[in-house]
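Contents: one structure, followed by commentary.
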Amino acid sequence: MSEISQGLAQAFGLVAAADPQLLSIIWLSLAVSGTAVMVAALFALPFGAWLALARFPGRQSLIALLNGMMGLPPVVIGLLIYLLLSRAGPLGPLGILFTPAAMMLAQALLTFPIIAALARQVIEDAWVEYREQLISLNASQWQSAKALLWDMRFTLLTAVLAGFGRAIAEVGAVMIVGGNIDGVTRVMTTAIALETSKGDLALALALGMVLIALVMIINGVAQLIKARAMKQYG
Amino acid sequence: MAKAILPLHVEGLAYRAGEATVLRDVSFRVEAGTRNIVLGPNGAGKSVLLRLLHGLLTPSGGSFLWSDSNVRRVQAMVFQRPVMLRRSARANIEFALQVSGQFAAGEIRQIRRKAGDALQRVGLAALAERPARLCSGGEQQRIALARAWALQPELLFLDEPSASLDPAATRAIEEIIRAMHAAGTTIVMTTHDLGQAKRLAERVLFLHQGRLVEDAAAADFFRQPQSPEAAAFMKGELLW
Amino acid sequence: MVKHFANLTRRFIIGGIATSVLAATPGLPVFAQEKFIVVASTTSTEDSGLFKYLLPIFKAKTGIDVRVVAQGTGQALATARKGDADVVFVHDRVAEQKFVDEGFGIDRREVMYNDFVIVGPQADPAKIAGGKDVLEALKKIAAGAAPFTSRGDKSGTHAAELRYWKQAEIDPQTGRSSWYRETGSGMGPTLNTASAMDAYAFTDRGTWLSFKNRGDLVIVVEGDTRLFNQYGVMLVNPAKHPHVKKELGMQFIEWLTSPAGQAAIAGYKIEGQQLFFPNYKKTG
């Protein structure tokens, strides 16, 4: 239990000293997960909106599948991407295994179902309110989807943040496809895993606390922006 | 140039929802340039009738025939609760114009101008940049009317447009409806408010429990309703 | 419509910033401007801190960035076999030789050795403390059914441990559900488990010296020459994997086995103790 107080003290020490190695690990975590989520959202938001509005046989099964994929084990995704990106695999010539690009790819795949499934739910709920008016105005399915995506932007931001939370917190995928290479693919979660395996529990805890604080700050700021914007736009 | 869609012939229209029959055997004609009020107590089927004619619901039986098949683009509908997008009042109208297909992609300036004119006509030019959802109920309904007006519809459906509004806002709405009619739009409007019907109707379609019980000119109807249900309604005795 | 374009523009700007930020981040090979090689090595080597000490020296000399992917020996060789690394640097002579014989590795050189030790609780239930004979110690542990944690992960360390059991003519699997515990993980987690369980464990000295969660454990057996652990380095065969960075990889191998590199290896110390003993001998 003393590790916790040790860890806390070390956490403050690390942040106060602005340890350059820690800063670059934090920066990499934010860059990898941030980019992954932005790329995932670029595809997941329109996909979720389309799924919310389209009607076709098998739609309910697709929705159930998408919802189920929210629980995909990161380590399994990591393994699959690894097999794809390995030189022995189909995408080997890309040469991105053991680089941040591979980590972004894995995390983008991980967060796509979350953002898409939540977007689908949000847009489908909104459709109940907007449906008659949009049909009356002759809006096509795609025009309606775009209008709803923009109208529900604040709620969708929450979905994107949920995806970001999942990405920055996972270790299984980035460990396998990134290789936890010092200075290149070491992010907060893999650093924590490494320090734990070396028995340096206090440092691992310290890093963990920094990660938690980071995630809380990001969510807090997003919440503030959302509240301010909702007041402004209704 | 598309032909006019009116007159509209409605023949034996019926609508069933599950076990319940909501509308049955409804037949009438709508002529161009008229102000038609669909009157009746709650649950009479007024809203359903409008939605069937506008294409939001599919009839279970009967038919209706427009004089031109290109119907969708020249109708508009205003609902009891205005549905505003989370954007400015002007942007809401611009959106409607964009998706209407009346304008090519590059004609942004024309769209902006039309939207501004529409807001002007309903007296809301000052609120053009205001987020629509932050406006009052009455203002939002006027924006909805401006949105419909900007589309220059041949036929405007209104489903209890002032049911949620106070008297001052109601008056403003009725003025706009009259103005649109004067500019050439045919009006088909539901209400359960007798006073409003008297103020606005040229012709009354009286519905009761899914049936078209009476179809008469407004002057005749209000002076002497022919059917017992309508008479009871006028006396305030027919609540549903 | 204007709003729509404003939206798109905003997104592109954010995307552009993100990309430039990533490109500017040191070490991020977004546009792959640096010279680098991927070396598949083991977790025990990484955990010992050797690479953190050695690689900056090499980079300063040659400008080559060495990216170490640290896994168990079995996984490291598998990674190299698939062509996902340029150089292999592990410590399992038998497995390395097989790798070369199968044609996946060339120019194997012996670089250095460190040694294994047996650690255990100070209470020493098997009574082996101070011993200098690893086989005797293992026999006593089995006889007394004293708790023992093994890596069980096909690593070089695990392979060595199994060889000693075999030489002592004991099958540790007989104690599988009682005193012999396989963690299936790296050296650090295995030591964590041993520390928590007050069990014996077989570890390399390097990991032990940097291990901070010792609990009640101390070194009980060391110094047996049979406990020396030989490291070998080799280039992944470009004939099998044409994309392997042959020149850069060979620069690394040459440096490791050069007088300068060997001296650097000897210079790495923890708590004043040298961990790795360079022993490259030019053959033929």
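Think of it as A, B and C in the order they're written, each chain with its own count starting at 1.
We take it that a residue touches a chain if its C-beta (ideal position, glycine included) is under 8 Å from a C-beta of that chain, and two chains touch if they have at least 3 such contacts.
Here the structure is a predicted model, which is why all the values come from computation and not from measurement.
The most centrally placed chain, judged by C-alpha centroids, is A. Ranked by C-beta contact pairs, the top pair of chains is A-C.
Across the assembly, the mean Cα position most removed from that of chain A is the one of B.
The distance from the centre of chain B to the centre of chain C, each centre being the mean of the chain's C-alpha atoms, comes to 77 Å. Rounded to a whole number, the gap between the C-alpha centres of chain A and chain C is 32 angstrom.
Centre-to-centre spacing of chain A and chain B amounts to 46 Å, using the average Cα coordinate of each chain.
Residue positions 87, 98 of chain B are each in touch with at least two other chains. Contact of a single residue of chain A with at least two other chains is seen at positions 150.
Touching two or more other chains at once are residues 3 of chain C. Of all the residues in chain C, the ones that touch chain A in their complex are 3-4, 7, 11, 14-15, 18, 21-22, 25-30, 38, 43, 47, 51-52, 65, 67-70, 82-84, 185-189, 191-192, 195, 207, 210-214, 241, 243. For chain A in complex with chain C, the touching residues are 24, 27-28, 31, 34-35, 38, 42, 86-89, 92-93, 95, 97-101, 146, 150, 179-185, 196-202. Within the complex, the chain B residues that touch chain A are 51, 54-56, 72-73, 75-77, 79, 83, 85-87, 95-96, 98-101, 131-134.
Interface of chain A with chain B (complex): residues 129-130, 132-133, 135-140, 143, 147, 150-151, 153, 232-234.
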